[in-house]
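Down below are the structures I want you to see.
In what follows, chain A forms one complex with chain B and a second complex with chain C.
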Partner chain A sequence: MSSTSDQGRRDFLKKAAAATTTVTLAPGVVLHTLQAQAEPRTTPVTDKVRWGMLIDTSKCVEGCNDCVEACDQENGLDLVNKPEGADDALWERQRPQWIRHVKLKDNMTGRITNLVMMCQHCEFPPCVDVCPTGASFKRADGIVMVDRHICIGCRYCMMACPYKARSFIHADVAEKLTRAPRGKGCVESCNFCVHRLDNGQTTTACQDACKHQAIVFGDLKDPDSPVSKALKAYPSVQIRDDLKLNTGVRYTNI
Partner chain B sequence: MTGKRSITLLAILVSSLFFGLGTAHAGEGVEGTAKADKLTSCVEPTPVMRRRHFEFIEHQRDLTVHQGIRGSKHSLAGCVDCHARRDASGKPVPVNAEGEFCNTCHEYAAVEFDCFMCHSTVPGEK
Partner chain C sequence: MKKVHFSEWGLESPRYWGLLALMAVIVAIGGAAAWYMEHNGHWVTGMTNQIVWGTPHVFAIFLIVAASGALNTASIGSVFEKKLYKPLARLSGLLAITLLMGGLAVLVLDLGKPDRLLVAMTHYNFKSIFAWNIFLYTGFMAVVAVYLWFMMDRRFNKHYRPVGILAFVWRIILTTGTGSIFGFIVARQGYDAAILAPMFVIMSFAYGLAIYILVLMFTYKIDGRELGDKVLFRLKNLLGVFAAAVFYFTLVYHITNLYGTENHEYEAFILLNGGIYTFLFWVGWVFVGCLLPMALVYHPTIGKTRGGIIAAAVSVILGGLATVYVIVIGGQAFPMAMFPGKTIVASGFFDGVNGQPFLYSPSLPEVLLGIGGMALVLLLTFVAIRVLQFLPVSLADEVVDPHHAKS
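On to the complex of A and B.
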């Protein structure tokens, strides 16, 4: 029985809760308690959690770029500028991208499917298999990342990834965010907004940005999480499931 | 305690080294504008920080990247947050800029460091 005023209040609370992460509230403001669990981690991540995502391709609207823009801002990708003198077309192909739009067309029926693709956070990640230094690794909670302190920029992982999920930083980056360090000569890819998760938040920027609710994120090992419930309720697929990588990102309505 | 007194003495000595360099211009850190300027001690006693800060940061980086531990007193973001000064207009000055906290010592000791090839040099968003 939610009245409109109730809804308004809820929206306000939602926005206010989101704001606590960006603004220091005045002392004594009650909204602090809303973010009670939003404390930075002090204990190691465990395999009791596996982060994953379900993307409903029927809800992903052609021409919409909201999730990509949100990702770019959250992870500072919009601060990476084209190196001086670089070719436009080359830059377009090589600039760092954590989320890509993919359009599938069934040649028989002509049906077109729009989907967004990022690192699929494979359980058996080929990028980790091929990495000569141990920089590519999988965290206990299933997030596949690059430890850029160790990465030598050989780009083996880029070749090995079946999903073209990884980007290479070709030139010095002038401005970086504290939450998203980045430098020349390393490889990077979607990390499920790991800084948010480690600071107690439970959503990714892309999920928050999608007005069409095409992205559901959560803990695959928690049967009550929205993502687990959605996976249980609807048929879903892994892209290139023939590779048997057991991806953490799944798709419906392909 | 004599330890504490000698730290204060040292701090005064060290800071007096950098006083009197003239008034700060835009982009130049103003004396006393870093959070650290208002504190008596770092996250560990000053002599320990001097000798071992890089070990702390390196150890913490592995814990953060691989285990997701963020709420630690040995985080590089914490160093930057506390030691970055502001210029006359209130804008934070990069900690590795000439004459700023990280730069002065590293320059003096001729030790190159790579943290800021990737990490932010001014206090973070969040």
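On to the complex of A and C.
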């Protein structure tokens, strides 16, 4: 599916949605999915909001991959197929991934910690510092992302990211989602499901998928947001806090 | 000193065109490799989301660093006014430009989006040393081109020293900038060190001079020109000094690292248990790149033979490629220290589980692209010396002897 045909489909859906928001499949069975959110965002992003996340490692469960799968589906990463002829093991190291499960063992005590890693949405992101064209940028609301129109694929941001959060698109992508376009030769990473936030939603796919409530997301500048309350209630850390990057993603119980 | 005359490379046509055709074929193979990688995407290379810069970067950085070093002989002549070096300046400036072109070609062809080169030239983030390097590289070519013009055009001859000084300062900044690409990376254990910038400068001295010596010897030998021991011995002694200086910086870099406990694991990786990287460090970087050339050029008999000098220069180049490989690939292969005091025992995205380094094996197209870049350097150089007067007719001892000039 190309993005052009996707656009066509969206127009169609918009018209269809105008006509009816529900489709009756059979008596009593109604499909509620035909809702088109086609209007582009009209208000600029402001710095009155800073999106952030708290990950409670004591709730993150070994063997659970729900958030990773939800992210893959939400952002179309599951549509990136292994090219024909590619080596399985090599492709595993080349395919893009935005969020990952990591299991740690304390060297002294042997204590096990489970957590998820993704772009930490730094206030002072090294990836933005090193990007020659400015493609890697930080929005006013704290989201760090890549402008795919001016990314030249130099991968310097991947060299500079202390969290290994970025992926390079190593192959052509036949199918992609309108909300998450991608092309061979550009770099990308977690953007806190920016398409959701820009359409008025306030959750990320990984948070919604986490049945253990290990992920709390919200506005760090709003003292009443769940994430602010949780951060206030529990001690938390930043990963690599020695770099003083003031990350938007924090962890408890590491 | 007698007046030095310059002339075009007078190689007879069949040999010249044959040589050019050979270089063109290697360049074409490199170009085909680049096309293959760009057409398919980087999955056909050995590069991954862990090792993001591969073999093309090793060649590109080596050539770019060598480019600024190739200007050595010109700088010694015009900035420091050593008469012996003045006849050597034209070839020196030419190689500085062609090496940079070769290196940049490889670098650009390895971009994810080489077609967006125009974007790189219209969108700048001036906090990025990469963005600065775009200006430093193109500016360097422009400055050296003017330098050559003033050197070769009698009307501007008297003005060429200021331009030479500018070129000298520019090249120091350029290599500092290239070293800073790594020096500024706070995320990785092997980088984030200010010493990388001056170390790259000194590496450039050695690599550039080694290439210069080989090109000089080859072009003179094949064209039947005389290259006296005075010039050659001076250059090879200088090469020995530069190899020693690289060795010194290597020592300081690693000993400084060894002092801090936080770097012990990285140092153990490079010096003791890093497999190919440890091998390339000791055998390539230290022995072939530094100790062997020093032994060769200062050996009382071997150091005075042409074969010994060629071996020393080749040794510096091979050792230099190993050095850049260890810095670029080895620095990425070592897992990032995200969780001090903890070991990653499982990861869904290759985080160096149990401290294991990231895997990388160079693919053939990557190597071919790099070699193509090297052939491009020679191709451009051979064309230039054929059409313009870059080479002194003779560098025989009586022509260049500074004592002769003083009397």
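One rule holds in what follows: the second predicted complex is superposed on the first by the 214 of 254 C-alpha atoms of A that agree within 3 Å, B and C clash if a C-alpha of one lies under 4 Å from a C-alpha of the other, contacts with A are read in each partner's own complex, and residues count from 1 in each chain.
Going forward, contacts are C-beta pairs under 8 Å (C-beta built on N, C-alpha and C of every residue); 3 or more make two chains touch, one makes a residue touch a chain.
Source: prediction; values computed, not measured.
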**Prompt:** Putting chain B and chain C on the same copy of chain A, do they fit or clash?
**Reply:** fit
**Asked** Should A:163 be classified as contacting the first partner (chain B), the second (chain C), both, or neither?
**Response** second
**Asked** After superposition on the shared chain, which partner residues are touched by A:226: those of chain B (first), chain C (second), both, or neither?
**Response** neither
**Request:** Return first, second, both or neither, reflecting whether A:90 touches chain B, chain C, both chains, or no partner chain.
**Result:** second
**Request:** Could you tell me if A:131 is touching chain B, chain C, both of them or neither one (first, second, both, neither)?
**Result:** second
**Prompt:** Just chain B (first), just chain C (second), both, or neither: which does A:42 touch?
**Reply:** first
**Item:** Where chain B and chain C come nearest after superposition, their Cα distance in Å
**Value:** 11
**Item:** Common interface residues of chain A - those touching chain B in one complex and chain C in the other
**Value:** 172, 184, 186
**Asked** Which part of chain C faces chain A closely enough to touch in the complex?
**Response** 38, 40-43, 46-50, 52-53, 111-114, 116-117, 119-120, 123-125, 127-131, 134, 181, 184-188, 332, 336, 338-339, 341-351, 358-359
**Prompt:** Inside the complex, what are the residues of chain A that reach chain C?
**Reply:** 62, 65, 68, 83, 86, 90-97, 100-108, 112-113, 117, 126, 128-135, 150-156, 158-164, 166-172, 184-187, 239-240, 243, 254
**Prompt:** Which part of chain A faces chain B closely enough to touch in the complex?
**Reply:** 21-22, 39-45, 137, 139-141, 145, 147-149, 172-173, 176-179, 181-184, 186, 194-195, 197-199
**Item:** Contacting residues of chain B [partner chain A, same complex]
**Value:** 61-72, 77, 80, 117-120, 123-126
